[in-house]
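Right, one structure below, let's go through it.
Should a chain be cited, it is by its letter among A, B and C, assigned in written order, with residues numbered from 1 in that chain.
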Amino acid sequence: MMAISETADVGSRNMDEKAKPRFSSDLPQVWIGMAFIAVTGFVPSLLGNSYWVHTFQLVNIYIAAAIFQNFLFVDAGQKSFGQGVILGLGAYVTAIFFGLHDYPFVMAAGLGLGAAALGGLLFALPALRVQYFHLGFVTLSAAIVFPQLLMSLDRWTNGINGISVQMEALHHETLFGLTPLTIIVALYPMLALWVHYFIRRSQLGRQMRVAAVSPEGARSLGIKPGYMRFTAFVIAAIGTGICGVLYLPTVSFVSPQGFNVELSFVFFFAVVVGGRGQMLGPIIGIWIVFILPNIALAQFVEYRLLIYGFLTLLTVILFPDGVVGSIERWRSKRGVTGRGEQAFRVDSFLDRLKGGKPVEPTDEIVVEVRGGTKKFGEVVAVDNADLKVRKGEIHGLIGANGSGKTSLLNVLSGLSRLNSGSFVINGREATRMAADRIANMGIGRTFQTPRIYPQFSLWDNLKVGIDARTGEPNDDIVRLAEALEKEFREDSAALLSHGQRRLVEVMRTVLKEASIILFDEPAAGLSQSERANFSKLVRFLSRQLGKTIILVEHDLDLVWGIADTITVMEQGRIVASGTPDTVAKDPAVQHMFVGGRRA
Amino acid sequence: MLLEITVIAVRGIAIGSIFAMIAMSFNIVHGATGILNFAQGNMLVLGGFAAFFLANQVELGWWLLMLPVAGLLVAALVALQGWVTLLPLRSSVEQDSWIISTVSVSVILGAAVLITQGPFAYTVESVVPSFRILGVRTPGAYALAIGCMIFWYIAMRLFLKKTFIGLAISALSQDFDAARAAGLPVRRLQIIAFAISGLMVGTAGFLVAPVISISSDAGLRYILNGFVAAVVGGIGSNLGTLIGGPLVGVVGMLTAYKIGGAYQDLASLLLLIAILMLRPQGLFGRSSARRV
Amino acid sequence: MLEVNNLNAGYGIVPVLEDISLTAKSGEILLIGGENGAGKSTLMRAVAGFNKPTAGEVLLEGKPLQGMAPEAIAKEGLRLVFDGHRVFPELSVFDNLRMGAAARRGDREGFDKAVEEIYSVFPILKERHRQYARDLSGGQQQMLALGQAFVAQPKVLLCDEPSMGLAQALLPPILAFLRNWAETGTAVVIVEQHLQVTAPYADRAMIIERGKVRFSCPAAELDTRLKEMETAEADA
């Protein structure tokens, strides 16, 4: 076994766990948020101030809606300007069945919730096809159209007159002057905070954020970005729909004017002003955006839209992280310290995995491309290529810029599709498989720019590899994961150097237990010593863990140093393939070396 | 029957011309900056307000004089907005920021109008008399709308093909890095693109003031329909807007006549969703809207 | 004319260049070679302002350029021509040349003269001056890209892989054009893979390896130096 663990053992570094500042402040923020909501929700009742009781009932419902907007915006990356519509659907449909048709409240509320969820599905539908500003316009349009529909469908909605409801039971004062309604509408945003928190910490939440930041990165981990968006819209719609149901007893009245575009803007702007992605953001945001103009500046109530607009514009231009985000940035700058060159090393951890005896490549073919052709418009990127990769070997793929190496790699990982020809992975026809299915067949890959998610801790960056597993991890992997978690739970991934980021990606594929790993120019940007270490690591993956490696790389020294087989591409065609020695002598390859080296 | 078809066609195409101009004003800014200005509809309404305050019930000569004034006022405002919007983009690559800032400018403009002018719809008297097409009395401003659209289409074509600044703005949208390497003053060109888009909707709003609703909340409706027109034609294609705008206008009119005026925006929304699901790049668009 | 001292640069946090220094003198061609991925293009982009250098300086006639925007650097008289014959595809050939004048506006006479010169060197551009640049062949596009730089009459020209995507036979006329251009007093830097073809046109040469300068020498000695390097590596 080669000496991959030449540096100090982990234990000897003796990092004091307690001394490490927290990477994520989500949990404390949730607790502070709970306290804020409890104070504003309950104290006015204890003081017997009915004006503030009522105001904060509504504020707390809006906070809950903004929490789901925050989730949708940041965790799922979906910019919706139409969450007011979802709330309105919940409120209006409940009001129609409860107020106009005398259904029992629970049943009416169920129908309202169903309508809200349906609204979420309708938003999600275009989100499967388009992204970016298109989705913003679709949801904004929905927010414009919704009140118009409430007016014109007056046969069902009572039009401009709206619907009044009486729900005395919820307004009866009990202990300390608290009514059941006060308690419910204070508990709900607290619940929403926890829901957001737990989704974010879950596998689903991590995969959602990965899909939001880097769709192709997500697909290479077996995640379907469309499915993630869809799920996010539905979760947000149900959460916001409940806000709508609670709106009804709180305001006792619904009318089209209550659900115009302004309401959707309030939720969106609250998230931006409060701090995108911060747990406390929606609370502070609603306080600033909604309470400030409506209550503190009550004499200027007609100026409220102007105030929303200016607050948001100033936030975007002056401190784009929002109020809570700016505080959080200051905290993390102060608290989180990088560990420099030692911030992330893999050698000592991988030692835990080394099995018994070294593995040698076998003659079994695990990847085979037959007559593969990939065109981009007129340009033929891959031209009738045949490629065979043996199990356990390190297969170098080299060639000039634009010779089709990365295109071929993208085809193999399913990110783009062959125009003709076919390929087989592990004996299964994979030509037309989607990237996530190929990923689930045991393929892992790295990208030219390492996919690192700075909003995750270093450990969570690795954990997305575990999330991508299809089977139960073996004992070795469990032990490795435990060690990594202990070490890197509170570390920031944003401070890692490029070389370390590359290693994080590699470790991710190890945790995923990919049997075939595709590397896309892994050595670019690595220093001399990092290259040497990387070579050892690839060797280790192949010879100790038995993984098959396909390596697209410009550094010919590195490739010749470790590859078992080398394939040379030129203008989309495969011009040579064989052992390093035979390929080096191939005249078709000579010009790749400066000054005819290695001839 | 024929009467009804004529009414729907004439009004639809005329109102659609306004949407087409908003779409064209999107295109020039989007080409130069990648930004879609959510406040563009409000800018059109401001053009209408300019007509109300500067040129309501006036002589033709004064009206003609005020037309460029209105256009330049709105152009200056949009240029300022563009400068503000591009500020945070200078330092970061944050792509959410322009969506948020243009939406908030849209809200600010709507609110400013509401505060200063109240929630009323203002009417402007037409300088151009109404006329008859196939026996249907048609307001003169409808002809102005169509004429204005054709004028701006031709003007943009000439500007982008013949003038140095226009060519430079096209170059910017074709290859941003190569434009910078050639030493084109990127930021200044982007602001100019914003200003031109303002000039376009400012003059359009001024000319069609007699037939549009000039009120605080009208801006959002125009932005919606203008965007649908742009998407139908294909974002970036001015030729596409000549089809997309009138198409959206006619669909809206048809809806208004057959179902009810309150359902016009719903029809546009459904058209938008249908196009995005079936042909996201639009009728004439090349770049795909899909980014999955 | 151009002096680059201890330049460090990369993409985002990816370091590519380490302590690169070079000088380009007016009237001379400097040839920069190296394998794929050695950092040649990154060097060009960093000097022209597209990547912010993390350390080091770029001096044009003694004036520091590092940290300036690319368009401002172009105005100062340092012009980069990208690899891959990038032109504005939807503009006509003549309009592409007009865009080149952005860095020297107001000099109508000089522009006309420069365009005439380009047309006489590459008559095909004159023949097709009204056609869209997208309809030109790759070689013609490369001529156009160089012509666009030529009308700006920069003090320093950086030319990134003029051969990329072209047939080998097209390279000599392009190199001859660059040679003549340099002799009018412009400092020319060419990044090229095809060293054998390019070296005869160059005055000095420099080889970059993994983001560092491996060696520099007069262009005439390049062949010998490469052979030496090869032997040294074979021994190692």
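For this structure, a couple of remarks:
We adopt the following convention: a contact is a pair of C-beta atoms (placed from the backbone, for glycine too) under 8 Å apart; a residue touches a chain by one contact, two chains touch by 3 or more.
The structure presented is a predicted model; accordingly, all values stated were derived computationally and were not measured.
Interface comparison, A-C versus A-B: the higher count of C-beta contacts falls to A-B.
Nearest to the common centre of all protein CA atoms is the CA centroid of chain A. The chain with its C-alpha centre at the largest distance from the centre of chain B is C. Centroids of chain B and chain C (each the mean of its C-alpha atoms) stand 43 Å apart. Centroids of chain A and chain C (each the mean of its C-alpha atoms) stand 41 Å apart. Put simply, the C-alpha centre of chain A and that of chain B have 35 angstrom between them. Chain C meets chain B in the complex at residues 48, 50, 69-71, 74-75, 79-82, 86-91, 95, 98-100, 102-103, 148-149, 152. Put simply, chain A touches chain C in their complex at residues 400-402, 449, 497-498, 501, 521, 524-525, 527-528, 554-556, 592-599.
Taken in their complex, chain A has these residues touching chain B: 79, 81, 125-126, 129-134, 136-138, 140-142, 144-145, 148-149, 151-152, 215, 225-226, 261, 265, 268-269, 272, 276, 302-306, 308-310, 312-313, 316-317, 320. The residues of chain B lying in touch with chain C in their complex are 164, 167-168, 170-171, 174-175, 177-186.
Partner chain A is touched in their complex by these residues of chain C: 10-16, 33-38, 164-165, 193, 195, 207, 210, 223, 226-227, 229-230, 233.
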